[in-house]
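Once you've had a glance at the structure underneath, I'll fire off some questions.
Per-chain numbering from 1; labels A, B, C, D, E, F, G and H assigned in written order.
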Amino acid sequence: MRETENNSYATVDFQRLKRTGVAEIIFGEGKDADTIAGVLSQLVAAGQNAIATRVSKEKAEIICSKVDGAEYFESSRVLHRPAGEWKELGKGEILVICAGTSDLPVADEAADICWLLGNRVSRINDVGVAGIHRLLKHEKALKEARVLIVVAGMEGALPSVVAGLTDKPVIAVPTSVGYGAAFDGITALLSMLNSCASGVSVVNIDNGFGAAFQASQINRLS
Amino acid sequence: MRETENNSYATVDFQRLKRTGVAEIIFGEGKDADTIAGVLSQLVAAGQNAIATRVSKEKAEIICSKVDGAEYFESSRVLHRPAGEWKELGKGEILVICAGTSDLPVADEAADICWLLGNRVSRINDVGVAGIHRLLKHEKALKEARVLIVVAGMEGALPSVVAGLTDKPVIAVPTSVGYGAAFDGITALLSMLNSCASGVSVVNIDNGFGAAFQASQINRLS
Amino acid sequence: MRETENNSYATVDFQRLKRTGVAEIIFGEGKDADTIAGVLSQLVAAGQNAIATRVSKEKAEIICSKVDGAEYFESSRVLHRPAGEWKELGKGEILVICAGTSDLPVADEAADICWLLGNRVSRINDVGVAGIHRLLKHEKALKEARVLIVVAGMEGALPSVVAGLTDKPVIAVPTSVGYGAAFDGITALLSMLNSCASGVSVVNIDNGFGAAFQASQINRLS
Amino acid sequence: MRETENNSYATVDFQRLKRTGVAEIIFGEGKDADTIAGVLSQLVAAGQNAIATRVSKEKAEIICSKVDGAEYFESSRVLHRPAGEWKELGKGEILVICAGTSDLPVADEAADICWLLGNRVSRINDVGVAGIHRLLKHEKALKEARVLIVVAGMEGALPSVVAGLTDKPVIAVPTSVGYGAAFDGITALLSMLNSCASGVSVVNIDNGFGAAFQASQINRLS
Amino acid sequence: MRETENNSYATVDFQRLKRTGVAEIIFGEGKDADTIAGVLSQLVAAGQNAIATRVSKEKAEIICSKVDGAEYFESSRVLHRPAGEWKELGKGEILVICAGTSDLPVADEAADICWLLGNRVSRINDVGVAGIHRLLKHEKALKEARVLIVVAGMEGALPSVVAGLTDKPVIAVPTSVGYGAAFDGITALLSMLNSCASGVSVVNIDNGFGAAFQASQINRLS
Amino acid sequence: MRETENNSYATVDFQRLKRTGVAEIIFGEGKDADTIAGVLSQLVAAGQNAIATRVSKEKAEIICSKVDGAEYFESSRVLHRPAGEWKELGKGEILVICAGTSDLPVADEAADICWLLGNRVSRINDVGVAGIHRLLKHEKALKEARVLIVVAGMEGALPSVVAGLTDKPVIAVPTSVGYGAAFDGITALLSMLNSCASGVSVVNIDNGFGAAFQASQINRLS
Amino acid sequence: MRETENNSYATVDFQRLKRTGVAEIIFGEGKDADTIAGVLSQLVAAGQNAIATRVSKEKAEIICSKVDGAEYFESSRVLHRPAGEWKELGKGEILVICAGTSDLPVADEAADICWLLGNRVSRINDVGVAGIHRLLKHEKALKEARVLIVVAGMEGALPSVVAGLTDKPVIAVPTSVGYGAAFDGITALLSMLNSCASGVSVVNIDNGFGAAFQASQINRLS
Amino acid sequence: MRETENNSYATVDFQRLKRTGVAEIIFGEGKDADTIAGVLSQLVAAGQNAIATRVSKEKAEIICSKVDGAEYFESSRVLHRPAGEWKELGKGEILVICAGTSDLPVADEAADICWLLGNRVSRINDVGVAGIHRLLKHEKALKEARVLIVVAGMEGALPSVVAGLTDKPVIAVPTSVGYGAAFDGITALLSMLNSCASGVSVVNIDNGFGAAFQASQINRLS
């Protein structure tokens, strides 16, 4: 028999909740339904919130049949099984702004994760910079949010405009929306990193989860 | 003696004025003052407008001392020696919009070339997207121009916003302004190519001349 | 229930017709047939021209069965439902030149959009630079057009040659045609941005629509 | 006389203090000493804090001789002229962590800007991941800060390790330190964007200022 | 008949065992089951160990039905048919460390090849740098191994941390795990090449085999 | 009815045989079987050799059923229908050298095109630089060929070694063989462009046809 | 004393003349005048032609003062010291075509090396594709040459046009001429690799020497 | 006074000798002579070997005047001050192979570091793959070394050939030697990562030090 076999694969890091204030969250892409269901079940057993991202509809159906109380958000591909009642943990509201309709899945992931981590969330959609007046109608909302997540593909210009209209931190999420020289989100990513507005930081392409996680950390600051 | 020597280097293409409506224009970068002065003199002798771009101040002083009537625009590095009185050849006005003060040399090149090719030019400066209200004050001007040239570095978002506010053609010029992931203008270039606004076309990085040339072609259309 | 849900997705921007002279046009890629049919129907109801680009044949069949009077152009993947009789809105003719037979879908998109926006269109096909004499036979046509759209993949050299033969603006469209170091259109894009001919501006890879939109803006200038 | 000349270049945006809570800050790179001194003087006259970044020692000497009360921080290349006494505006402490000694200028810029914007700052230096025990000695400090800025070049791994040890937001700053395949900071930038730790967002290469600005926004949240 | 036909395709290099101490190993990707089975059979006939890497489960089933005694390791996609009893040829133990569960197939390939080449192998899994304490628990193991193979995707930071904790050679294997700006392993590759720790060398993305081969060469040194 | 329709698509360039000595050759990728069969038939009708490259097996079956006398070479994906007897048009022999078995389809394309264009062809396979002695056995053949085509993927080192062993021109063909940092042939391409041996020129990735075409031009020189 | 010192650096490969028909040629960039002079002197002593490329004017003056009979071509930066009378070794004429005046140093290098290797050379300059008629005047010359070298920067389109007008091999040399998205010759290089004309092969950016070497090999074929 | 100032910059890690078997080595690039001299002096005081790499001649002179017993190797830019007599710590010999004369500074760095770390070193120079026979003369030496370091620029093919001739580990060092598409060593780096020979690992471009460090670790294995 092969000596190199792995008998004890990934185990759940139950200390993470204590260390970072948030239980382990599963990145579902590239993992099969059984693996995801297994980790979720361990979290449930430990009385922790169980969340998985990037779960396809097919996998979600299998997982939901195995994990009691699991709920699937199709638009954001987020699957979760709460440990108890939803409880507000943030101090203010996180505003998720989305440039185009094709960017919505990423914005949905950001919004759902924010909410699951205990934050109130508001949304503004379809405010690409080519129709700047649509965005300007929301100036008051931009000022009232405690943290802003701005999701955009193509030229990724929206975070710069938003950051110029608020004094709150803006987390920019480039999306892989576009074609040709959009290079699967690289153009939007570079654009956001070079924002002429101060107060913008950036996460990986399509990483709605990462933006939500940091926004939630900021919103929990007392 | 070496047989491969070149005795008859570049000669001026005097037919170009007839063929394309504009006399040959010299790209001064990488050419020495004598060469530039020589070509300008031939154009003068042929009764054609003589224009050179990307001429450093040092070279310009030498050339001006050799070519009678030559004038140098330091901010745009354009040097010219007109064949006669300035004559309007365009039908309307070309509007040159510039995002940041560091982008001004490129905007100046665009504006100077437009004017030397017989177009009226108006200018709007320092209207980066991080201060969107500054741009919106000029909405009327955006609508009145016949062609618009929009110059921006860093995230290069300005052309998208401008194109959403006008029904006239927008020619976008990315500049090499920025640092780090601006990649000497690549980010601005990619951003402009992926504009979410319709009606934007793009020229090479820092190519104020190219934008002006095409804007002038458009403005001459009757 | 999840608080973050989006109830009011993308709504049609009916003011765009007034603001930019052209009703909203739908980018069909990545949108499902129902969504496209929905937006088209709203435009029809508002008495505006309804156009969608990048619509696959499969989606087109569904949409045409739902939107009365809709017509599908398979070669260009453009689907439209006119608000009334075709009416010329341009002052002259737009010439669409295409390098190779593989570039035809992009050239077709450009041509169809030009026509749908109210422009007369003429076409020249299969005039790659490797057979330069084929192009030169058309010199008169190059001079007579009011605006030129030049579509090419691989080394993307055609716009440079064309721009040297006319005094009208040339809008270059790189295509993703080629293999290996063609890099899905990057080579053609870079080539066109570096054209040694004056009077060339460039749009995104395969963006026949964008070239047509700007050509139409130019052709409407009075 | 040339009609295209610019008579009214960049003017200071005095409303920015009110709109975003921070007076305009000047990016000194590529601007000459006179221009910088001019803008600083206008801010001083308006009773606002005057700060310029990326000012070389040579320029700083000229500016300090012209702007009364100006002070220059050589290690960070930050120059400032305060409007009054330093006043704490943040709620907690910002911790600036620096991987290697070559990254210090960027970390210094971050720290100085944080302090000038009214935040208490603490520092940890020389804690590259190749000597992980040096970092772990500071675990308590990592948990006590309200926001963390982590500066690293080469493989840019430090933010991932730090974010795993704290529940506070981490803003990562890649530096252009390294050689060969470090590609002037691209490797560190990409590494940080792909952090396996949650709670990391990223700014442009060498952008200590940008990280400090956002950290200050977060630290001001009440 | 075509004169150019190839009658004698690839033949096995039986001298390799003598020249390099290891019999030829087949790279299975892009080769069909019959070809792989054929080469394996020739090696078996010659009394040499027969190993193929990157063999899909489907091909493996066909090959195992044709090559007597062949065994398939599904997790690593390695297929082998030993020439005799397993015999230790290394002097010490090779330690294979793996950052995340998605990197396991590459780590499994490394481990299986090490073992098949006659080395004892130990494993440490799921020790990404975001949970640095998990790795530190294994400090003793890091020091006891004779050679270390470190497998990681995303930001690829693990080899730097490991190399700082041992005086033995570390061979780093970047994996294509990640999304967006992970660029299919490029980020991890660049990160590892720029390690701030001394004693790290790198192989191609996902090249568990290559790391194992060199680790085995090192471990055989007497 | 749409005015923009194309009625007269690509027509065959029958003058090419006279102008360049070779009849038009069809690039089959992205063209459907009917189109290819149509062009081949026109060439047959004109009494010219009819050749198509990059024809899949599926298309080939359809084409062969429509074009009398057509023959398909599956390994090289070349399909042809000769105008008459094969006739030698070259002065010497073209040697096609192939590094690995995975590179064979490209080498086969090169060899088949050489032969169809009237050249004698010899072949050397499986002589990658990692087993340099296998190549050196063929030193005499390297010196006797009139032109050499060298096909290699991965690190693309073979042309440099070959060019150091002959005084005849070497045309290098990079292939897309490899994985990870092979980047679909980019590494091999760059390697060949930087050959330390004099006398190497390069064609596009996987462009066996292009290498064969130029080798044939050279071999026809009298 | 350090044991690792190198006492016997590079020695001249005197067998190369016999093996490849051409004596060793020195690449002068990055070597100091003394080293170059030393190698040239050894070649002279051995009765072989001594040639060095990429020699700056400053170094050339030193070398010429040390190597009797050495001659320097400033425009091409080639320095040589012939072993005897110039003797024709080629069968026909090599034609060197140059797109723009800025590309001339590279074309000069190609032409001078061709001549020094015993080939008759003719030249056509300043025939960029934007003025296609200038090139077409030379159609007869294109057909009469035995080999063609085509030198171009910017969009690098000239080789495609030339190859369509001749049945002889075309060796394309991209130059680093251009700015912005010319990327120091990458655009021209990619363009040439993707030529839509058959019969083009490519050498490294600015590698006039390499093109000349292969052209000379081809021209010597009897 | 500024609160953010750094009073205690980088301190020497004296435990490293114990932890990794080698005292801290200073990377001299970007550090001034005083800083380097300071760290060296601390190491000397602690009775440890003091080594700095990438020290320019100018800095070396200052440092040597301050640090008693310091010696500078100009060709490799390595500066050291031994703690005592040179003592062999390796079990066998490290062979440093260098492709071209321009690669020598990197090979010299590798060789000098190997020796300073207690290894016997042998050298083979000027054995580029274009003259493969020069390398083959050394076959015996290739087999006798315990570890091999192979240094090459341009196409970086040498490690593949060497690894095919030995059963010992090969560490490949790409250099930034070359021009145009050599991209400052990227081509050589990619080439080495894609070696078709087993048993090659790679370090950063020009990182002779890194290769030497790992080679020394391997050579110390008992």
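As a working rule, a residue touches a chain if its C-beta (ideal position, glycine included) is under 8 Å from a C-beta of that chain, and two chains touch if they have at least 3 such contacts.
Predicted, not measured: the structure shown is a model, and the values here were computed from it.
Chemist: Comparing the two chain pairs, does B-C have more C-beta contacts than D-E, or is it the other way round?
Modeler: When B-C is set beside D-E, the one with more contacts is D-E.
Chemist: Where in B-C, D-E or B-D does the D-H interface recur, with over half of the contact pairs identical by residue number?
Modeler: From the options B-C, D-E or B-D, the copy of D-H is B-D.
Chemist: Of all the other chains, whose mean CA position lies farthest from chain B?
Modeler: E
Chemist: If you average the CA atoms of chain D and of chain F, how many Å lie between those two points?
Modeler: 56
Chemist: Could you give the separation in Å between the centres of chain F and chain H, each centre being the mean of its C-alpha atoms?
Modeler: Spacing between the chain centres: roughly 44 Å.
Chemist: For chain E and chain F, what's the span in angstrom between their mean Cα positions?
Modeler: The mean C-alpha positions of chain E and chain F differ by 35 Å.
Chemist: What parts of chain G, by residue number, touch at least two of the other chains?
Modeler: In chain G, the residues touching two or more other chains are 100, 131, 164-165, 180-182, 186, 189, 193-194, 198, 204.
Chemist: Between which chains is there touch?
Modeler: Applying the touch criterion to every chain pair yields A-B, A-C, A-D, A-E, B-C, B-D, B-G, C-F, C-G, D-E, D-H, E-F, E-H, F-G, F-H, G-H.
Chemist: Which of the residues in chain F come into contact with chain E in the complex?
Modeler: 73, 75, 96, 100-102, 104, 108, 111-112, 114-115, 120-121, 123, 125-126, 131, 134, 177, 179-182
Chemist: So in the complex, the part of chain G that touches chain C is made up of which residues?
Modeler: It is residues 99-100, 128-132, 136, 154-157, 160-161, 163-165, 178, 180-183, 186-188, 190-198 of chain G that touch chain C.
Chemist: In their complex, what parts of chain D are in touch with chain A?
Modeler: Interface residues on chain D, with respect to chain A: 19-22, 25, 91-92, 146, 164-171, 189, 193-194, 198-204, 209-211, 213-214, 217-218, 221.
Chemist: Contact residues on chain D for chain B in the complex?
Modeler: Within the complex, chain D touches chain B at residues 2-4, 6, 8-11, 13, 16, 29-31, 35, 174, 176, 184-186, 189, 204-207.
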